[in-house]
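Both complexes below contain chain A, partnered by chain B and then by chain C.
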Partner chain A sequence: MSAEAIRPFDEARGAVPTVAAVGSGRRSWLFGGIAQTLLILWTLMVVFPFLWMIVSAFKSNPEIVFSPWQLPDTLQWGNFERAWTEAGIGRFAVNTLIVLAGSLTGTLVISAMAAYVLARFEFPGRQFIFYLFLAGTMFPVFLALVPLVFLVQDLRLFNTYQGLMLVYIAYSLPFTIFFLTGFMKTLPNEVGEAAVMDGAGPYRVFFDVMLPMAKPGIIAMGIFNFLGQWNQFLLPLVLMPNPDRHLLSQGLAALAIQQGYQNDYGALFAAMTITMVPTLVVYIIFQRRLEAGLTAGALKG
Partner chain B sequence: MARVIFDGVGKKYAGGGANAVTDLNMEIADREFLVLVGPSGCGKSTAMRMVAGLEEITEGRIIIGDRVVNDLPPKDRDVAMVFQSYALYPHMSVRDNLAYPLKLRKVPKAEREQRVNEAARVLDITQFLDRKPKALSGGQRQRVALGRAIVRNADVFLMDEPLSNLDAKLRVQTRAELIKLHERVQTTIIYVTHDQVEAMTMGDRIAVMSLGVLQQLATPQELYDNPTNKFVAGFIGSPSMNFLDVQLQGSEGRLYAVTPGFKMRVPDTKGRALQPYIGQSVTLGVRPEHLVERSRLGGDAPPDATIPVTVDIVETLGNEIFVYLTSPGTVLTSRMAPDIQLTSGQQIEVAAEPERLHFFDPKTELKVA
Partner chain C sequence: MHYQKYRLIVPFLLPALALYGVFVLYPYAQAMYLSLTGWRGLSANKPWVGLDNYQRLIEDERFREALTRNAQLLVVLPILTIAIALTFAALFTQGGQAIKGAGFYRIVFFFPQVISAVIVGMLWSYVYNPNIGLLNGVLDGVGLDALQQSWLSDRSLVLWAIVAVAIWSSVGFYMVIYLAAMQSIPTSFYEAATLDGASRWTSFRDITFPLIWETIRTTAVYLGIFALDFFVLVQVMAGGSTTTIARRAEVAALYLYNEAFDDNRWGYASAIGVALLVLTLLLSIVFLRLAKRETYEY
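Right after this comes the complex of A and B.
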């Protein structure tokens, strides 16, 4: 999970050289040029398969096979229809949204509260708890897979939305808490104290004052975890074997195999496009806030 | 009625180290404007934060009104505070910032609005009520921070260096406004600053602190005229007081302060208190504005009560001049009227009126005469 979830972060970081290269002098201009060229190549490599997938989603089966580089003659909207109903992508999408609604809310609420306490209060064991969470970021999903299945079965949550939500939350907490703790530490202490003087108790201080101030960080973590959890494949594969409860990633994998036999490539590409669009939309809308949130701590410190 | 009493108050932080505040005793009268002043790290902010309830009191008692507040949470102390950084709630409009303390106290909405509008009117921020703090200038934010304290009608206001983030001109202006505001709201104010000019101009009384210990609690004039020790003498006044190490010698019933550069007769009025120091060294202090050219001293100074010096540097400020004077072993600063003609290298004699000379014990640094 963590390796997949980290990816958007790295992509955000990939944009940094161009910013750094802006400056005066021939040398920086030269390096800027090289960096720009490499980035353009990289962008093409990333964007081209996307575009090809989207274009193919509108083609008929023979077109995909015999003229893969051409634009479709007529737009085949039927591909999307078949993907949504026959291939069950609609059902999988609903399942995914249900799980993510619970797991994202849970992750953010618990992380924000834990991070606030870890960042702002002195108590015995604080360091230990913080490092325990930090250690959690280094624990690969694969290692825990088998015990996890038994645990979820013992909790009678196997094949349930709640079970998957809990596991998602557990796996998202370490990094989210680690990040938000750092973020909360950069928030001005005096504002919290002002609220105390104004008569706010600990809960009021948190919900009325500190939480709104931490909003950029929480939004950043919301998007980050949305992308990570949306792309999750392994956990639903082992914890949600019931086909009615499949999530998009599982459904898509099943579809890839199945459509291969049915020779319905158009529906397959349409399904992939449907799966990908929400993450793309979320990322494009919130890109600025995500990057701002991820770097806010560094800029203030 | 809200007097504030520090009764043997001490603050010790966990993990050892020196006390932040040691055995602080003082009584601040109802409606008094008390300024806590001292260099950074002197414990003034800690003392104030203990009144606020933001720091635990580790020794002694603090009494607000008639209640010992040691174990009361901040919200039950009826104390409002203005922070150095203003500490406005960035996500709330100015109106909501002002209304927040009232909302928490469950003040009915109509009264809330009325009090917010009243405070906004007093501070002249009515036109900004619907803006967010980030759309305000430093001076405007400062007013909002004050407003948040005013709306509460608290018994005691605490102000932690509220002017230090303003530019020089605005600071002077706001200083005057704060004095007016105090007359108007009639609350007890405890004001923390490291700026002695602020302290002198605003305080009914000033508490000078150093290294966690109260040095002197007095009116501004008393602090200036009669500092209890060398620290207070040096801290209050700008440029600060000149200090010279002198030997006290007695001859023919007179006392003389002797340095390698001069031998100056000590005024007879100081003689008695200085008797025990004859034959020893003491610290002589004199403020720059009291060190004048001999001929300008009102009355006539005895010829042996002057200090012969060489003019080193003359700084002209228009309304006054600063003159740096040297005598073997010492450097003195003098603040003189601008009409005096002095050039570098010139030999002159300076003197001060007897009551303007201060003598301090070199070990305890307490004033002896």
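Right after this comes the complex of A and C.
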């Protein structure tokens, strides 16, 4: 698997097969028209619900119920205030950031170390360990949920940040190691060998040579895991039942069910907007790197 | 030298192996064991019941109904998602040069994939809402008010309303995968076909489709697993209440969740989990075998 071969679609490279000569000019024009219509329709289907949600987050409750198609008379920033404080989105956001700070760092460091060894060293059992991790990408989390809850309780990690960090790391390892191993295999060997010649120890080679070279791959996995862990729902749902420790997705779902918020649509839409915006921003900034990472597994799977 | 090599290998692999072993492999193994007990979670006592849970599973009407829903998803979800995603991918890559706005469409179509399934589920619950929802509003606006429904509280519609959301959120992701696969097809193939007078459709059928078949097959397995393990959207959109209507959307994974976390039947829930795991593995194998056809090296 090479990172080069799976670089995402790149207009600048003109990578699209050219079939300009197909059919007559009029048929091409007709095809283009139909294509554009379909694509615009789907764009509307995707964008409209999100826009509606964001606009509704600025409306008063009567406006949401009685004039769903109008823009708000005045921007109701109070919705965001209620969502952030009363509904607890602020607290959930802090909890999410705490857990992610630990789990993302842990995921990347531990995966990079394991991937380096799996990509660059020959030793008995190397293949077996690689496939053992690969197997973990196949099974969905909820099959292990029941025993996981009791294991985490037995380890006295239930309702703790550390517990959730460790579990997040463990479930992020398979794909991250799989991806980084492939990535590191494509990197040139010579620089490391030269460093060894100069008397650098294996640790120095890893930190001073390998990590800087593997940075693009590590960043791709950082974004990929940020989105996955930020959106994680099942694990906190069963491992963090304490409402003070809720994470964002989990807290949102709980809010939607709570009586008090069922009629405060404005605050709910605001809460959803607050939770959604960071992932959209990260996605738009890092779009290309992320797509490379996401599609890599599927293409070579 | 050897000594030095292992001084790196062992400490570098150990943290990953330890975490993976404790929090991933061990729980899966433990689930197999628990499925053979009648554990209710209240005491440390885990009475051994052998295969009783599995016996019950076979006779369990509710499980069979749940599994039937998964089977329906297994057909509908992959076929529709692949068909729509492939169509869009083909529109992108076969319309002469890159179609106008390709970069923009690509980013937008992918949006639902980066947003939490919980938000997607909640958002669509409101879109479907008969009072404040967008969908009935749109239908009214275009004169199709006869089609207005209370989507999520209609017994026969609820599951399909949720499946539509799953397709809506997956299409962009699979489109990007197909685009990446199509990109690796040499342009000379299309040029040759064009010289032979092949139409856009024949080039797609005879060049693109066979050459990305491997990728389509892989994505079909992914979507099949998604259909078998379908959970979060149903949990968010219909799982909150245990009304008879919500029951109409209960898929196997949700049944597992309800048995375990609402009714404390941990042993039985584990048996459902193991059954699903076995079905998932079988599905992958069968699918990869069935869909085997000549692959082309180029």
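In this section, the second predicted complex is superposed on the first by the 243 of 301 C-alpha atoms of A that agree within 3 Å, B and C clash if a C-alpha of one lies under 4 Å from a C-alpha of the other, contacts with A are read in each partner's own complex, and residues count from 1 in each chain.
The working rule: contacts are C-beta pairs under 8 Å (C-beta built on N, C-alpha and C of every residue); 3 or more make two chains touch, one makes a residue touch a chain.
The shown structure was predicted, so the numbers you read here are calculated from the model rather than taken from an experiment.
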Report task. Between chain B and chain C, pick out the one touching the greater number of residues of chain A. Result -> C
Requested in this report: Report for A:235: first if it touches chain B alone, second if chain C alone, otherwise both or neither.
Outcome: neither
Query raised in the report: Which partner does A:213 reach: the first (chain B), the second (chain C), both, or neither?
Result: first
Requested in this report: Please work out whether A:99 is in contact with chain B alone, chain C alone, both, or neither, and reply first, second, both or neither.
Outcome: neither
Query raised in the report: Counting only touches as set out at the top, which of chain B and chain C does A:36 meet: first, second, both, neither?
Result: second
Requested in this report: With the two complexes superposed on chain A, say which partner A:196 touches: chain B (first), chain C (second), both, or neither.
Outcome: first
Query raised in the report: First (chain B), second (chain C), both or neither: which does A:204 touch?
Result: first
Query - Residues of chain A contacting chain B in one complex and chain C in the other - result: 201
Report summary line: The chain A residues in contact with chain B across the complex are 188, 190-191, 193-201, 204, 208-209, 212-213, 215
Report summary line: So, in the complex, the side of chain C touching chain A is made of residues 4-9, 12-13, 15-17, 19-20, 22-28, 30-31, 34, 41, 87-88, 91-103, 105-119, 122-127, 131-134, 137, 168, 171-173, 176-177, 179-185, 187, 189-191, 193-194, 198-200, 203, 215, 218-219, 221-222, 225, 229, 231-232, 235-236, 240, 253, 256-257, 260-261, 266, 269-270, 273-274, 276-277, 280, 284
Query - chain A residues touching chain C - in the complex, by the definition given at the top - result: 5-6, 8-9, 11, 14-23, 28, 31-32, 35-36, 38-39, 42-43, 45-50, 52-53, 64-65, 68-69, 110-111, 113-114, 116-118, 121, 123, 129, 132-133, 136, 138-140, 142-148, 150-151, 166-167, 169-171, 173-174, 177, 201-203, 206, 227, 230-231, 233-234, 238, 248-250, 252-253, 256-257, 265, 268-269, 272, 275-276, 279-280, 282-284, 287, 290-291, 294-295, 298-299, 301
Report summary line: Within the complex, chain A is touched by chain B residues 52-54, 74-75, 79-81, 83-85, 87-91, 100-101, 104-105, 148, 152
